[in-house]
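Just so it is clear, A, B, C and D label the chains in written order, and each chain counts residues from 1 on its own.
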Amino acid sequence: MDWSELVAWRRDLHRHAEPGWCEFRTSALVAARLEEWGYQVQTGAAIVAPEARMGVPSDAVLEREYRRALEWGSPEARLAPMRGGLTGVVGTLDSGRPGPTLGIRFDLDANDGLAEPDDPAHRPAREGFRSIHPSAQHSCGHDGHTAILLGVARALAGRRDWRGRLVLIFQPAEEGARGAQAMVAAGVVDGVDVLLAGHIGANAREVGQVIPGYQQFQASTKWDATILGRNAHAGIAPHLGHNALLAAATATLNLHAIARHGAGDTRVNVGTLQAGELRNSVPARAFLRLEVRGDSEETLGYMAERARQILESATAMHDCALQMERVGYTSTTPSDPDLVARIAEVARGVPGVTRVGGAPDLGAGDDAVLLMQRVQQRGGRAAYLGLGSPVGGGHHTTTFDFDEQVLTLAAELYLRLALAHLQPA
Amino acid sequence: MDWSELVAWRRDLHRHAEPGWCEFRTSALVAARLEEWGYQVQTGAAIVAPEARMGVPSDAVLEREYRRALEWGSPEARLAPMRGGLTGVVGTLDSGRPGPTLGIRFDLDANDGLAEPDDPAHRPAREGFRSIHPSAQHSCGHDGHTAILLGVARALAGRRDWRGRLVLIFQPAEEGARGAQAMVAAGVVDGVDVLLAGHIGANAREVGQVIPGYQQFQASTKWDATILGRNAHAGIAPHLGHNALLAAATATLNLHAIARHGAGDTRVNVGTLQAGELRNSVPARAFLRLEVRGDSEETLGYMAERARQILESATAMHDCALQMERVGYTSTTPSDPDLVARIAEVARGVPGVTRVGGAPDLGAGDDAVLLMQRVQQRGGRAAYLGLGSPVGGGHHTTTFDFDEQVLTLAAELYLRLALAHLQPA
Amino acid sequence: MDWSELVAWRRDLHRHAEPGWCEFRTSALVAARLEEWGYQVQTGAAIVAPEARMGVPSDAVLEREYRRALEWGSPEARLAPMRGGLTGVVGTLDSGRPGPTLGIRFDLDANDGLAEPDDPAHRPAREGFRSIHPSAQHSCGHDGHTAILLGVARALAGRRDWRGRLVLIFQPAEEGARGAQAMVAAGVVDGVDVLLAGHIGANAREVGQVIPGYQQFQASTKWDATILGRNAHAGIAPHLGHNALLAAATATLNLHAIARHGAGDTRVNVGTLQAGELRNSVPARAFLRLEVRGDSEETLGYMAERARQILESATAMHDCALQMERVGYTSTTPSDPDLVARIAEVARGVPGVTRVGGAPDLGAGDDAVLLMQRVQQRGGRAAYLGLGSPVGGGHHTTTFDFDEQVLTLAAELYLRLALAHLQPA
Amino acid sequence: MDWSELVAWRRDLHRHAEPGWCEFRTSALVAARLEEWGYQVQTGAAIVAPEARMGVPSDAVLEREYRRALEWGSPEARLAPMRGGLTGVVGTLDSGRPGPTLGIRFDLDANDGLAEPDDPAHRPAREGFRSIHPSAQHSCGHDGHTAILLGVARALAGRRDWRGRLVLIFQPAEEGARGAQAMVAAGVVDGVDVLLAGHIGANAREVGQVIPGYQQFQASTKWDATILGRNAHAGIAPHLGHNALLAAATATLNLHAIARHGAGDTRVNVGTLQAGELRNSVPARAFLRLEVRGDSEETLGYMAERARQILESATAMHDCALQMERVGYTSTTPSDPDLVARIAEVARGVPGVTRVGGAPDLGAGDDAVLLMQRVQQRGGRAAYLGLGSPVGGGHHTTTFDFDEQVLTLAAELYLRLALAHLQPA
């Protein structure tokens, strides 16, 4: 195969980084390519159920980012159906011959709130593909993911030696675990027999290593919580205040003090707290971004229930009102063992693969799990692969960087996995 | 007047210290004297409405103290009506001549939970009248108060040169602000035109000083709060616990963080907290003794409402149940200005009085206020006097001690005040 | 006197609102007028000791505001000495005849961070003098204060019937109690025998009321506190974090729980808290704006010491580092009684004055107190007056508004007070 | 073998329950039997290094319990060397033939602070062997452990068909992880080649199940912490207090909020908190019993360091002093795999054993681990077995009960294990 364009594609995507639900240019570009290669392409509400989306930015932000995509040259006709945060693409290719349906899912979005460094020590800056978006950076490798899946799309479109059906899923808003639920609700994987997903880096940190299927993910629920109290002059009449900051501080301490679960691993984090307006006024508003995690639906459910109870009680304690919005969710599911075994076998034959295997616990979460679960619940099988690469300063940091050799290796691997499932035995 | 017995009476009372609602021997002794001197004497439910009592000890404690009084030689016939914590005495003497009704109120109880020191530096120990009760000590001067009022009772009983009616009120359970409400509810002061109360020491610290009427008291509400959760093994299954200690710790911090009131002085104290059973078990029970104070019903009400809300919310936060018992309450009321002026005038004539006046803020509370308020609400007048004396290591400490010279001076003062109100002009 | 320009002056100042240490145009305008009227004018480091300034904005903000003043047409020659936040003006007029030195002090600054409403119900909007600064509004009446003092300046400059010396002090950065200390340090009031200050509204809320001298102010200390910890991924390695938010939450609760002081009134407020960066990362930074208050240096000192101890300990508890910057300070001092009596007498003669007197507790703070204290410490006398006016929605709110009739009345009053002190008896 | 006396022995021990470091009668009885059977017996400081003991009761308690043992008929000569809490017994039997040294370790102590129920539903009550100690109950099965080891001791003493040396360790004060460290320090296992320990119930809950060696224990550190502040009257002068309860509440919340460790399982529990003296006095003293746990020395060390830092900082925050006493400690170590395999093989041959295997994580801690680690560090091997039995209401509850059939089965198992190691191949 000729994988020579993968790097160029990736760098173009990297330069035009777009955060979750705002992948307008990215989606338009993917859709155009897939159509060009003969795929049936779907975008908009058909593939992301609007009500099932989580953590959607404000209308103002969506509109600003939409206009940015226009300025970046995306054709309005492509963008229109995505307006208001209906990003993502699904491309389907039918061989015309009976056979199984294979899905491959990767993600599109960049990290929000990061300004990519202009430091020559940072390769994207040095080699001229640093993000031109002021507050979005691909620091989790999704630009690479999109390039890989485009490569596989093109490669498969050029062949006639397979049967069945191919469903390529370019998911929006993986960061914050916001997008997969909407694709599940839209039925995107409902006919899929085998679903493959994966991640660059993850806990495989050398090019050449492939983890053929993770068994454990961190399930998580993420909320934005707003506590609304009442201002009062802190010198003259502090007793008239309803102190939203004291409510938030009490909640924060007690959230972190949720008892560990005897049956498994849990996490809790209040990642940000913004409270109060003036030094000398009782704070009337507090805004928290928080998340809980568990290694199972049971432990996650325990954490989520305790978190809600603590936030509600802390709010009541200070005569405030609480608004909680669930802005992210993912679960955990094992990759199917027989599928993993098959993947391992295929991986061993891919040039450049030097190690197949590694720790089967991702140690983090990915909402690909929701799509995997859906496939498994309907009788199919699914696996989530680790694609080894160094990661610079680490995922979600501004010095994140991966080794572009992983692109070719991964594209070749997914191509072979597709053929392994779709070719006549 | 012959006040020579006052010291002996006081020392006998001091030696037989009895805590609130357990002043069995003390009440029996007072009742016997009053009867002997011709007073109509009331004890039991007639003067302390059982349901209106607060902070009553457990039946076991009441019974133990009742038996102690029997062992100390009090006649069972006297004690029987007081059994179960119906202590206190009201003595009434009618002149037979039309005139006003004058009430004088003092308190009977010792401090609970103190073991009087056996240290020769401590005068009661040195001079042989240290408390023989293992956990009660008169360290607030109520032994002196009772002796003074007995002295006044005897003095007035021996005279015929007055008109109207005399009501002498020996109140139980002033410590913790537990007793006065029950006497108000029983109607003890309902016919009283002028009510006099007072305290040794208070903020007058020299013998010879008389404060003719305090204007400001600390109002307070006192609770016992029990938080009931659920145990769980802290190693194996901490998530199954409902942690009563975390609820109590959260409540304690937030109680102390109740916003100061812009319109006046407030206080809050969680005085004791006892929680948990075993090191390695999630605590299933927490018990708090707490109080709030204010300089008005408004500020006290604010504190009480906030305290309740905090305790309820902290309990709900940890899935526990809350029991709150109000075990004490007092308010604030000013002494009537014209009455205070009259008292000042009388006081200046009493031998030994060297200073009339001082800070009109008691800086603490006394539930005599509830009796004063009742009198004032029904059109009468009331005043609460400060009776100067040094106080050793301070009220409520085990090294408390007062100067017995104050007894004679105070008895003479109250006698003259009685006559000033009851004698024909 | 002709006070007809006062309203126009005030409205011009209101429209060009400038926050503390950024009163470039305001100071330039005041300086120009004073010079025009014959005053010796001082600005810059001569009147605000640079190191003694508190709560100075960042260089970037100072420069931005400096440029705004240039754009608003202030002459660069005037502005240059004030560059970098050396605002404020002192104008001195010497009669040439021996006599006392009278100081009058008012303040220049608008409230920072407020955008004045564009609502016709708000008079400044309706009548066209709404602030054109996007984030500064005169919502404490300092525009009126400046206009009053300008009026008095002009009136006195036009008379020759007085002796002694006049020192008019236009103080910067009163909001947040940031400016007076720097003027004290520069010696601005060192030769002053009598110092007059005052405030529109305060707790006098009717035009015609004059409070001839407050006796009690809230002393306060204000800090910016930054807690620096260490990020860590909240899912993968939460134990590697040093959680600045937990430190801040613990500090906030304990700050509000500082025990009330038995000897006087205190306050504490954490007005804002901003912590954390990402939902799924342990917060590495927390920023608090806080203040403590007391009714005396003793109670303020107690609060300040406790606050520091709590912040330091909470920071140490979570292995973080603490930076505390004192960004504001003021004290309390009584207005001199004989001076107050004289002011009351003069006030009664001013046309339009309908009531002289009122509550002598300001119920808030003003750093004019630091200038008053300095005068008193050096043997002079000082008084701080209340100038009655309604205040719309209240000081420091965006709907604040005062009745412009107070301008004439106040100017006439200060003029007469000046003459009363500077005219031969 | 004749195991018929095991039940009688166990019931006698159960009836005479003695808490940790107070197993005077129990140790005396064990020592007497071992001597009778020919063992060389050691007690006192030779086998428990006095300074290395943790969580030793007060002298008063030790003396009270010592006297109880005398009253229960233990010979003073036996007891004397144990006076002051030097309990425990080591019995050594040398075959006289060269060979390995086998150690078997069980524990002696009852649970402190439990009063065994007098409820016929509780078998020990119904069948007449309920504890006669008012506040100690064998509710963890150590009575059974002691009986098993006595049985094995007698059985081996009666045989000559083995070689090498036998060391039987009857450890004091396992509850609270207090005793093993002192035995390690005394060198009790220093010559041991193979060490066997075990527990009734653990996580094997059916008679007939044997877990041949746990791989994972909870390591833990236990402290008693005392926070010393200063009293003050909560109404008059709350600012003079140094509030030990606020320090303790702050510490408790933050202890429970210690971040979970990314590399393993941790626990924290403040099991009891006792603070304060009077409702209206600022608490001057708080006493906490707490513990932290981890699944490795790394995770335990992290928890212990964080706990200390939090307690120290919370104490400093409220101007108090901290006393921390480490009163318990244990670690984790895997049972040796080849030893486990051998045990499994032997177990399968024991009559009544129906299942060999089960979850290899004890889910709790046992300080036998410290003895195992010592053996392993010196080149030996060790294993800790689970001996299946139902456990009534659960370990450490007053309704704990085990099935006495486990006694015979376990004695037979340990006998066969001893012979398997000590008999010529």
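Just so it is clear, contacts are C-beta pairs under 8 Å (C-beta built on N, C-alpha and C of every residue); 3 or more make two chains touch, one makes a residue touch a chain.
This one's a predicted model, so the numbers in the text were calculated from it and none came from an experiment.
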Of all other chains, the one whose Cα centre sits farthest from chain B: A
Averaged-CA centre spacing for the pair chain C and chain B, given as whole angstrom: 49
Between chain C and chain A, distance of the C-alpha-averaged centres to the nearest whole Å: 51
Mean-CA-position distance for chain D and chain C (Å): 68
Touching two or more other chains - residues of chain D: 233, 236, 238, 243, 246, 250, 253-254, 256-257, 259-260, 262, 267-268, 282, 363
Touch-based graph of the chains, sorted into line, ring, star, complete or other: complete
Residue ranges of chain C touching chain B (in the complex, touch as defined): 253-254, 256-257, 259-260, 262, 265-268, 363
Touch list for chain C against partner chain A, complex: 113, 176, 218, 220, 222, 233-236, 238, 243, 245-246, 248-250, 252-253, 256, 267-283, 286, 289-291, 293, 363-365, 394, 396
Chain D-touching residues of chain C, taken from the complex the two chains share: 233, 236-241, 243, 246, 250, 253-254, 257, 259-263, 282, 302, 309-310, 312-314, 316-317, 319
